[in-house]
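Here is the structure we will look at, set down as structure tokens.
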Amino acid sequence: MEFLVHVEVTWPPGTDPELKEELFQQELRRGRELAREGLCKRLWRIPGRWANYGLYEAPDATAVHEAVSSLPLWPWMDVEVIPLAEHPNDPRKLGIAP
Amino acid sequence: MEFLVHVEVTWPPGTDPELKEELFQQELRRGRELAREGLCKRLWRIPGRWANYGLYEAPDATAVHEAVSSLPLWPWMDVEVIPLAEHPNDPRKLGIAP
Amino acid sequence: MEFLVHVEVTWPPGTDPELKEELFQQELRRGRELAREGLCKRLWRIPGRWANYGLYEAPDATAVHEAVSSLPLWPWMDVEVIPLAEHPNDPRKLGIAP
Amino acid sequence: MEFLVHVEVTWPPGTDPELKEELFQQELRRGRELAREGLCKRLWRIPGRWANYGLYEAPDATAVHEAVSSLPLWPWMDVEVIPLAEHPNDPRKLGIAP
Amino acid sequence: MEFLVHVEVTWPPGTDPELKEELFQQELRRGRELAREGLCKRLWRIPGRWANYGLYEAPDATAVHEAVSSLPLWPWMDVEVIPLAEHPNDPRKLGIAP
Amino acid sequence: MEFLVHVEVTWPPGTDPELKEELFQQELRRGRELAREGLCKRLWRIPGRWANYGLYEAPDATAVHEAVSSLPLWPWMDVEVIPLAEHPNDPRKLGIAP
Amino acid sequence: MEFLVHVEVTWPPGTDPELKEELFQQELRRGRELAREGLCKRLWRIPGRWANYGLYEAPDATAVHEAVSSLPLWPWMDVEVIPLAEHPNDPRKLGIAP
Amino acid sequence: MEFLVHVEVTWPPGTDPELKEELFQQELRRGRELAREGLCKRLWRIPGRWANYGLYEAPDATAVHEAVSSLPLWPWMDVEVIPLAEHPNDPRKLGIAP
Amino acid sequence: MEFLVHVEVTWPPGTDPELKEELFQQELRRGRELAREGLCKRLWRIPGRWANYGLYEAPDATAVHEAVSSLPLWPWMDVEVIPLAEHPNDPRKLGIAP
Amino acid sequence: MEFLVHVEVTWPPGTDPELKEELFQQELRRGRELAREGLCKRLWRIPGRWANYGLYEAPDATAVHEAVSSLPLWPWMDVEVIPLAEHPNDPRKLGIAP
């Protein structure tokens, strides 16, 4: 099942820049693990914001929760998980796009 | 450039069912054209609603507008076009996912 | 997987009362079929409104969409499908409640 | 009478992790007491968030308030209590589901 | 148990004025019945609007739903039922006010 | 003239518990004074929240402001004052309820 | 007591223009009566909209309701009545402005 | 003074297409007059919607209202007029851009 | 040109009371200067809140910004400036009210 | 492609004024660089707020993100990037305005 995951990160401006850099690197590493595990399929930045949309594929919402809440920046995140149903016109289903 | 397109269709319940079926078929045909033209990459239904999220790829917002407003059901649609920027952790950019 | 389904029905007041009664009866019948098929587990009315919360269990969002959009009153409905993940303190998981 | 209780926990990221773990354990214990007392019937996590939906059964809103405000994490919670009325199609009322 | 009931009436301006007057009179009669039955305790108009706040007392949300949905103007109403818990400083509980 | 006053208290969780208890007691005392002065007629807790609805009677909005802003917890409050007009079906006006 | 009254008029575009002109003239006449009766003190148009802000002075919310609901266009209006309290820095109270 | 004008057009889908085309042509003509009169400086379409943002320059809000309400499609518009103040870093003020 | 200015002050409860009193006095002084300069015409408190509506008269939005941002409490303010256009029924334009 | 960029700056009132002045100057310098690079075309202040609307021109959303997130005050900003499509009545396209 696919999910659209909308993440907004709220990082208090004055916070220790070293902690921020360290967490950011951990976040990149964990994010790539989720990609290799086939959970995170695509990831786009929302321009102008520390925010993103991600396309996740997981057996159910519990698996998505475990994946998202495993991200190092999760405590600074506001997350909305939107369930996606199949569409008869989905280019992938029609074999038109990967 | 990629865009996330959120469409909500409002179809007055009592409207002529034949018109609805005719338009729905036209919509399917036009949707597949947009897929073959490489504009619409993915399409997911929002469960419970006559609504969907679409992933579009187009040179700019003017091209996205022309594509979306060419859909037969456009007059019954409420559409939000969300611009997407590249993310360093995008599994496609990393070569991990198609 | 479980889903919380929030339904708001908007019925134009002047509409033909016989049509309304007929649809309402069909809705009751279809609702009971969804219950017997194990899709709809619980259903509560939101007091003061023609609206309800339902607890659904289905393999994925596509199945929930098919169930909800099969309801005769669906064209008059505004529906939000909220995905539910398991909680470590869920009385059912703990064997405390059915 | 049944109530749907929507809880959102806001935990300041930098707060002392030991306090967090201690409170979290207390929260689990208190949550199970509410389940054994028959107040909390079901509990689901909202994926991606430190948030949940709970199904409560209590004589009235005063009893729900006392139950929810007795949770150790209550000071960090934003809570909405939604009253639920009986629905003629409720699978439990119809004897179809527990 | 007490409930705060917020009602907004949406009456299409061009609708038959005789129907409106007839319904309005029925509404007044039914409203007084609910008052005599001890369900509706107070009723205030929200200035500038065809809307009101009502203080209801009923065993549970199901009873409130039955009362409110029995009002002739209910099909034209948008209703929010807010559950009320007892407050230690309630002048009535303290015997200071009726 | 009557007013419906909706109060939401935001108390930072880590704040000194003794200060909180002291203020809470002062709040109870001041609240009872407002009741005895005939300004606050009824007070209900919104279940699950540190929030309440109050029914106030005062000559005008200036008097309501002076009453509400005299509460010790006012600096931690978000307050909405809703003006109430008389309703022809008000059980009190009809002599049906106190 | 003073009130800020925010009015939004929703006029269905296709409606009979003669009815519109007739109502508009009645509205102007009634509006001037409210001004001469000292109820409406100032009236400003919200640019781009068929909407306005009005400064009303009336003994209470019931009087404001009677004034506003007497306007011929009231059935097409969405109205918010905001109660105003005196401010120590009000130029009129200070005698600096009329 | 400059204003940002956000326009959303709501055109009932079934409405007479000839009327629509006629109004649309009138709208184009009137829009160009406003441009030649120096009132409308720039106009952008919001992709996916029958909506636009316009940059207007006018002596005050009354002039903007007269300009916008003179557009043939005005009865079908929902308009927000946002006042703009000068910014010290405005490329035009700095002579960097036209 | 006239503007309606809606100000909400957010003052962190624990902040130094002396600083608050000092700023409050400065605010009163500066507010009266704006009144004498003819910029601020009227000022009303929104009951229950540290908030107000002000009627300003200024050549344009830049002048309003300079006036409002000169207030000592501006860093603690959330401000909305609403442009006002003339209304044909404005009692002042009609000579009925000052 | 053009973008409308809405920026709201949230600066905690008590923060070190020297840091604020230093950042503000850096912001002015960086803003002018973006203007000279042809990315930022116009910039307007939203009156009463530390906020602005900017007109940006960039190849895509990724370039806009890099420009906006390079601003020194970015960590204190809440930013919305609105994509703009061409409008047939754009005075610039028609050669009527620069």
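A few remarks follow.
Just so it is clear, A, B, C, D, E, F, G, H, I and J label the chains in written order, and each chain counts residues from 1 on its own.
Here, contacts are C-beta pairs under 8 Å (C-beta built on N, C-alpha and C of every residue); 3 or more make two chains touch, one makes a residue touch a chain.
Quantities reported herein were computed from a predicted structural model and do not represent experimental measurements.
Comparing the chain pairs B-J and E-G, the larger number of C-beta pairs in contact belongs to B-J. Between E-F and the choices B-J, C-D or F-G, the pair with more than half the same contact pairs by residue number is C-D.
Chain A and chain F have CA centres that are 43 Å apart.
Between chain I and chain J, the centres computed from C-alpha atoms are 27 Å apart. Across the assembly, chain H contributes 3, 45-47, 61-62, 64-65, 81, 83-86 as residues in contact with two or more other chains.
Under the stated contact rule, the graph of chain-to-chain touches falls outside the line, ring, star and complete shapes. Interface residues of chain E, counted against chain F in their complex, comprise 2, 4, 27-28, 31-32, 35-36, 38, 40-47, 52-53, 55, 82-92, 94, 96-98.
Taken in their complex, chain F has these residues touching chain D: 11, 13-14, 45-49.
Only residues 1, 3, 59-62, 64-65, 81, 83-86 of chain H touch chain I when the two sit together in their complex. Contact residues on chain G toward chain E in their complex (touch as defined above): 3, 5, 7, 15, 61-62, 64-65, 68-69, 75-81.
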